[in-house]
Amino acid sequence: MLDKNGIAKRIAQEVRDGWYVNLGIGIPTLVANFIPAGMEVEFQSENGILGMGPFPLEGDEDADLINAGKQTITAMPGAVYFDSATSFAMIRGRHVQLTVLGAMEVAQNGDIANWKIPGKMVKGMGGAMDLVASAENIIVAMMHTNRAGASKLLPSCSLPLTGVGCVKRVVTNLAVMDIKDGAFHLVERAPGVTVEDIAAATAGKLVIPENVPEMNIG
Amino acid sequence: MLDKNGIAKRIAQEVRDGWYVNLGIGIPTLVANFIPAGMEVEFQSENGILGMGPFPLEGDEDADLINAGKQTITAMPGAVYFDSATSFAMIRGRHVQLTVLGAMEVAQNGDIANWKIPGKMVKGMGGAMDLVASAENIIVAMMHTNRAGASKLLPSCSLPLTGVGCVKRVVTNLAVMDIKDGAFHLVERAPGVTVEDIAAATAGKLVIPENVPEMNIG
Amino acid sequence: MAISKTVEGPEAGCAGVQSGMTLMLGGFGLCGIPECSIAELVKLGAKDLTCISNNAGVDDFGLGLLLQKRQIRKMISSYVGENDEFERQMLSGELEVDLIPQGSLAERCRAGGAGIPAFFTPAGYGTEVAEGKEVREFDGKPHILESALTADFAFVKAWKGDSAGNLVFKATARNFNPMMAMAGKITVAEVEELVPLGALDPNEIHLPGIFVQRIFQGTEYEKRIEQRTVQTRETA
Amino acid sequence: MAISKTVEGPEAGCAGVQSGMTLMLGGFGLCGIPECSIAELVKLGAKDLTCISNNAGVDDFGLGLLLQKRQIRKMISSYVGENDEFERQMLSGELEVDLIPQGSLAERCRAGGAGIPAFFTPAGYGTEVAEGKEVREFDGKPHILESALTADFAFVKAWKGDSAGNLVFKATARNFNPMMAMAGKITVAEVEELVPLGALDPNEIHLPGIFVQRIFQGTEYEKRIEQRTVQTRETA
């Protein structure tokens, strides 16, 4: 079973040289820590920076330089700042090759719900709806089940949607799954996790190929 | 009767402190020469400058600094450069208070035709359609009649339109006229021009008030 | 001769704001917010405001200050967390909230300033954001029609500015400020540094002054950091 | 680590351009045009091109060079004067011409790059530009629906740029270049000065490198002036 860093590490393997990547808040943010040195990848934060770097050294933080999670950050050489309209022009115009974000629920048709729980305080969708409606390549990073132990991989979402039919791949603490033809297709097992464990934790339709290799996350 | 500079001089009297003004090619360009010193007015050229100044001194011309007529220009203190989308955002968003442009024909309902003569080479509308569709305050600067002596102030335009019902005022070599309620309303006569001269040169409906003062262009 | 927009300070900047008006306020989180104008709006006390701002501040800073005084009737935002008073007013029904995807919010402000009354975007299709909105397919992909936003006043904050209203922003403090400046009927810019006319390179200006009606030199910027994340010097 | 877009020169920049493709070319008149790429396109000899460019150059410079070689089948522009060969081909029916209001052209390119498939604008309502287009009233004023433009290749010219594709333009040579860069599937930027990564202030960049796929250092810029208007030193 993977921890949050493990999930991030596995997702980092999906990233290709030359890609612009938008990482959501939470587990997705950790993905940046596992990109191989020398790989040409730039991180976009939708509040207005391309070429986002790591957190600043103590004392170097700048109130004017934050990411979409409102955390203080730094800028890499070649970075650029821009306004919010330009930022979402990049996203909507499909100039960002990969979006990684968290979810409360993912459905077997690729629907995602991650912004609203009826009856609870709604904070808003931020940029998530723009991101999922636009990106060609959306990976969801999340735990396979919620705190109550219920599957987050469902036949259909019960919560209000963030986007429809958009998620291509899900990486959880248990497995890597692709979404196609209305089902979750098991691709890899997390270390020490059996296909039966995964099947038991997946409420949606799960297609299990003959051979399900264990992840190699080094 | 006014010459081209006279028309420009009369139109310059329409300009108010604090206005952004877009001047078309030809007579409108001359208006800039008659703005009183110290008046706070900025000229926009739709290819991407606010705060356009006069032509450069010989030897100072810069291929990268031109106006919409492709003439070399200079920039005043406080000038700013921008791209074409931002430029027309200013125009369409009604941030430019006055547009002055030439016309082949103006109709008594405010229609204007100034870009195309069927059967002749069509060069294009450039920014004229955006300007006339957007500006709140459009003044046409032109000769009252064409080279063949025919009136350019018509019941309706015969040429393909540039914009509909948009012209508010026309200043010609003979007169100043406002357009409202489907008619040209005579406001002022050019020096030495009689109301009868104007009526004879105006094919569209002309409303003549009891008192038509002669222009005072100093 | 350049058009002068300079006014004395936030009092002159906010003059004319009245109860019931719609205001836009730049900033993302607490980054790049018009601190001085917000303080003045609290003093002015206008009520029943509709505020268009990506976020709603925190309890004791940013728009939270207007919420505390119950001056806001409706918020139009993309994300409104980090604010207990906001939550209380929203749950009690005192405060109306319209949540909009962040990219649509940005584009709707730009559209408002650019004379584009409506545009199609894929964002929000199939969600409750799309309810009541026209849907149309382009290239086989469904999009929804979104309309322009404008405001009676827009309050923005820049790093540097000149008397012609030309603005330069710093780093990610730019965010929504340029588009909101475009969309305000009266746009009030406060700047950390008001520089002499001609001191800004016309190539480096982010927002042309034509979009700004008033500009003033702000003072005593707190520039509060919402999430101070750092690396300790030992680990770096 | 920043993504490197640098290629050797115009040959590498234009690699892949084929007959029948749609190209965007930045510039207004002869100001800010991608001179080196145009020269290379003439060498390459691809035919039946659709060229989206505000203007069509003059007889012996800019897009006029491609017209001379009869490489262009269709021009999409706002103004095409100043070119006798253009006129000849247009009147003879060899060349198809689609004339678009300048602001609509700029906004349609931006929309193409920004994932906005269509938008409403007042420009052209009631004229032949509106023929066949949807009309809708907003605030009592009629608007027409315009669609996004994209291109297989966009060729743009900047003043300075870095290996990440970040661009800075000079004065009014900016014009259509940023929006066309946004709208190209493959965007090729040529620059007067290719500076080291990190040499551009991230605040001063006009076009983020994400919109650029290839960048090269141009050479031998002629930067021809179309209308040299000056004041003599005596009269000034």
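Letters A, B, C and D name the chains as they come in the text, with residue numbers starting at 1 for each one.
Note that in this section contacts are C-beta pairs under 8 Å (C-beta built on N, C-alpha and C of every residue); 3 or more make two chains touch, one makes a residue touch a chain.
Bear in mind that the values here come from a model prediction, so they are computed numbers and not experimental data.
With steps allowed only between chains in touch, the distance from subunit C over to subunit D comes to 1. When the C-beta pairs in contact are tallied for B-C and for B-D, the bigger tally goes to B-D. Seen from the Cα centre of subunit C, the chain whose own Cα centre is farthest off is B. Chain centres here are Cα averages; for subunit A and subunit D they lie 36 Å apart.
Here the CA centre of subunit A is 28 Å from the CA centre of subunit C. Looking at subunit A, one finds that residues 49, 75, 81-82, 85, 88, 91-92, 134 touch two or more other chains.
Touching two or more other chains at once are residues 107, 110, 114-116, 121-122, 169-171, 202-203 of subunit D. Pairs of chains meeting the touch criterion are A-C, A-D, B-C, B-D, C-D.
Residues 107, 111, 114-122, 136, 138-139, 143, 147, 168-171, 202-204 of subunit D are the ones that touch subunit C when the two sit in their complex.
On the side of subunit B, the complex with subunit C involves touching residues 17-20, 37-42, 44, 49-51, 75-82, 85-86, 88-96, 134. Remark: subunit B residues 45-49, 54-73, 75, 81-85, 87-88, 91-92, 111, 121-130, 133-134, 160-165 touch subunit D in the complex. Within the complex formed with subunit A, the subunit D residues making contact are 1-4, 110, 112-116, 162-164, 166, 182, 197-198, 200, 202-203, 205, 208-211.
The touching residues of subunit D, counted against subunit B in their complex, run 28-32, 54, 77-81, 87, 90-91, 97, 99, 101-107, 109-110, 121-129, 159, 169-179, 206, 223-233, 236.
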